[in-house]
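Look at the two complexes coming up: chain A is in both, with chain B in one and chain C in the other.
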Partner chain A sequence: MDDHLIGILSNIGMISFIALSAYLLLIVGEISFGQQAFFAIGAYAAGIATAMWGWDFWPGLVWGAGIAALAAVLVGIPTLRIRGLYFSIATLAFAEMVRLVFEVFEYRVEIDGEMVGPDGSDGFRDIRYIFENDITAFEYMAMIYLLLAAVLAGFFLLERSRLGSIFRMIGQDHILAEMQGLNVTLYKILALCLAGFVAGIGGALYAHLTTFVEPKIFNVMLGVHSLAYGLIGGLGTAFGPLIGVAIDIGFLESVQFISGYRMIAFGGLVAVLLIVRPRGLLDEAAVNRIRLLLRRHA
Partner chain B sequence: MLEVEGLVRTFGAVEAIAGLDLSVAPGDCLGLIGPNGSGKTTLFNVVTGVYPPTAGRIRLDGEDIGGSKPDRIVNRGIARTFQNLRVFERMTVFENVWAAQHRRGDVAPRELLFARPSAERARRAEIDALLERAGLADRRDILAGGLPLPDQRRLELVRALARGPRLLLLDEPAGGMTPAETEGMAALIREAAIPGRGCIVIEHKMEMIRELCDRVCVLDFGRKIAEGSPDSVLRDDRVIEAYIGREVGDDA
Partner chain C sequence: MVRTALASLAAASAALWTGGAAAADRAKATVACAPTAERLVYDCRIVLTGRKSGAPLEGAKLVVGADMPSMPLAHNVRPVTATPGGTPGLYEARIELEMHGEWALRLDVSGPLRDRLFHKMHFGGAKGAGTDHQHHMKK
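Moving on to the complex of A and B:
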């Protein structure tokens, strides 16, 4: 496999995590413009753990994702009492706040005669775990996809479970859901926590893939894209957002002669789909049709 | 089982419910009638906690539920349907019913993620039997948003029943139905909904009220203006006046 292809596939896998995190919130009926904040928190926390505290990769990753989930719960408690547009604005404000905090966040220690750690707007360099441990680009890509498979398995378990149906009930009609005995706010905070965890995994993977994070890449465009992936690919199944990522990163960004027009093509695609298929390619109706077909042939 | 005493609910200067007393016992089906805006749906909304009461008491099996959060109240054993039809449109007919069972006594907390196969099979069979009884069996796997209106009403009733409520609040269960469909709905309510639980039915169709209810309560401007058997109530002058107004020159 050539390095270019490995790079593209690694990117697709990594961005899939933040796309899935935005998707989960779309399922419970909330539009978050702030998932990039949890991605960033996961990246910084996991990077600090491996590069500065000498942790192994996996505990570092779980730590990064856990801190992101904790941050999500702390954001959720005050913001999920507000709904709809106000929630969206609150998440956007929170994400910008996180980014600005990382712009001034300095935490440097000396390791082997070199200063390591987040250095404000200069970013956080030398997250060199995968080099120091001789993990090849191919192996790292395999790790990304292993994790993605595990997270996807979790999503499929969720979507077949009562908890998944609870999330969908809340997303479709929260008053009706309340009348079925659901504590809507509690389940929304749970969804936000899970979404934060998933975004945090993506961030931790990102930090170790690029070895270098800087605050400015965690801007609102990352959040808008992660929302758009679900809306393009469809909100009927967790495969939906992955299709969105594959179209954007795998095609628009990676095919040389198109990449210059990426944002134009991407924006156009979103606009067209919002008109013809407002809930994406694999929306609930399409997924139900596929399920019935599979059952008939099973 | 349900006792309402001196209930008041105001919206600004409007008294939607202005001092109401009523009670329902298990096996009872109370008809609730009255002109538009007389406070019938508001009563359902206050009993289920959508709006807290302004004053008065609501007791379910002796426990005061007034002012609790809606999910806590309905989890004590209340289910309702809606006048303006509410189904989970992007879930199948079966899922609509299945999903609503999550807090039933026989669903263990861990079953939110991992179902116990035997218990699950029994519950699914029960849902299928209810859907069959309601004439929805062949629509089981289509998305509920694609159902015609009378089927959505039946689905709402099945969803409410599948939660196993002790008190059932039905808001115009035959609204928008043809006479034949109304008759089918009345039979379904009589056989599947009323036995063993308390029931309040809001309905404008008097033949339905006559068929289902032994007792009728008439509301006007948030007050009870008559209560009794369907026939006696419908002959009551105040009820006729509330519905069709006074005759010109009749200055009684």
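Moving on to the complex of A and C:
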């Protein structure tokens, strides 16, 4: 397979994690503009673990995702008591705060005569685990999709569980959910924790694929895109945000001939899609229709 | 086909657990890009050396791509394979950017060693010449 194609498919896989992360919060009725913060925390934490502390990849990945989940809980406790637009602004402020912290965060150690570690705004270079261990680009892409399949399976189990029903109930009408005796804030913190963990996995994968991360990557643009994936692809199923990612990256790559105008064209496409299908391509109604169709043919 | 894919996946998974031998040397790059007559098109000259040995890296396959860090995944350049420049370790590549601003050149090296390097550069705009990531090259 062509290296460029592997690169594009790997990007689609990695960004799917942050898309699923934003989707989970959309399900509980919250719009977060700050999922890039957990993606960044996962990237830096996992990178530090493998490149500086000499950890293996898998413990490093779990560590990165775990730290991102912990950060999400710590953010969720004060912010999930506020709702709607206020929550969105709070997540955006938190994400910018995290980005600015990484702009000044310096933690470097000498390894084999080279200084390695986050170097403020110059970024964090030499996260070279996959290069040092001869993992090919194709093998790493396969690992990304293996993890994505595992996370997707988790989402499908969640959506068929009582917890998934509670999440959707809260998303539909949180006052009604509270009247049913549910602790809405607690469930939202749980959703934020899971979303942080998923975004953290994506960040850890991203850092090890690119070998280099810098604070600028984790700006509001990434947050807006992660939110848009769910809204484009649809909120009816976890496949929705994945379709959103494929449309975004696939579209941008396929219209490279219009170079700098690609984002303008993409913006127009998103606007049209949101007018025609406000809850995305695979919204709840479309998913129900597909399920009925499948049952009839089963 | 499926069996081969699963085998490579298992091997990669095992390598991600156990680690492996670190590469003997790594690459170091010096990059200079100059504008061409065409707007937003730059000719880049890249000198590759071994980071420890300092010796020019000859016979390497060098693929040059570029991403705009401020717009992750949105603005990137289709990677081009650099051609040997005539002197040991020198490679040349022509890249076509989408807009001026700060770009991170991604250098994928394979052959004598496998490495990925990033080189931040500023193309165009009002920033003056200075460090590597602030070259002023307006066209």
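Some notes on this structure:
By definition in this document, the second predicted complex is superposed on the first by the 292 of 298 C-alpha atoms of A that agree within 3 Å, B and C clash if a C-alpha of one lies under 4 Å from a C-alpha of the other, contacts with A are read in each partner's own complex, and residues count from 1 in each chain.
FYI, a residue touches a chain if its C-beta (ideal position, glycine included) is under 8 Å from a C-beta of that chain, and two chains touch if they have at least 3 such contacts.
Predicted model, so just to flag it, every value in this text is computed and none were measured.
Room for both chain B and chain C is found when the two structures are superposed via chain A, with no clash between them. Residue contacts after overlaying the shared chain place A:140 against chain C, while chain B stays out of touching range.
When the two structures are aligned on the shared chain, A:165 is found in touch with chain B, with no touch to chain C. In the superposition on chain A, A:214 contacts chain C only, with no contact to chain B.
When the two structures are aligned on the shared chain, A:148 is found in touch with neither chain B nor chain C. Within the superposed three-chain model, A:72 lies out of touch with both chain B and chain C [touch as defined at top]. Contacts of A:49 after superposition: neither chain B nor chain C is touched.
Looking at the superposition, the partner that touches the larger set of chain A residues, chain B or chain C, turns out to be C. In the superposition on chain A, A:292 contacts chain B only, with no contact to chain C.
After superposing the two complexes on chain A, the angle subtended at the C-alpha centre of chain A by the centres of chain B and chain C comes to 170 degrees, rounded to the nearest 10. Following the chain A superposition, chain B and chain C show a smallest Cα-Cα distance of 28 angstrom.
Listing the residues of chain A that touch chain B in their complex gives 157-158, 161-163, 165-166, 168-169, 172-173, 175-176, 178-184, 279, 283-285, 288, 292. Contacts from chain B toward chain A in the complex involve residues 48, 50, 69-71, 74-75, 80, 82, 86-92, 95, 98-100, 102-103, 107, 111-115, 141-143, 159, 163.
Remark: chain C residues 5, 8-9, 11-13, 15-20, 22-23, 26, 40, 51-52, 63, 65, 69-75, 78-79, 96, 98-99, 102, 104, 106, 108, 114-116, 118, 120, 133 touch chain A in the complex.
Those residues of chain A lying in contact with chain C across their complex are 3-4, 7, 11, 15, 56-58, 112-114, 122-123, 125, 128-136, 138-140, 142-143, 146, 210-212, 214, 216-219, 221-222, 225, 248-249, 252, 256, 259-260, 262-263.
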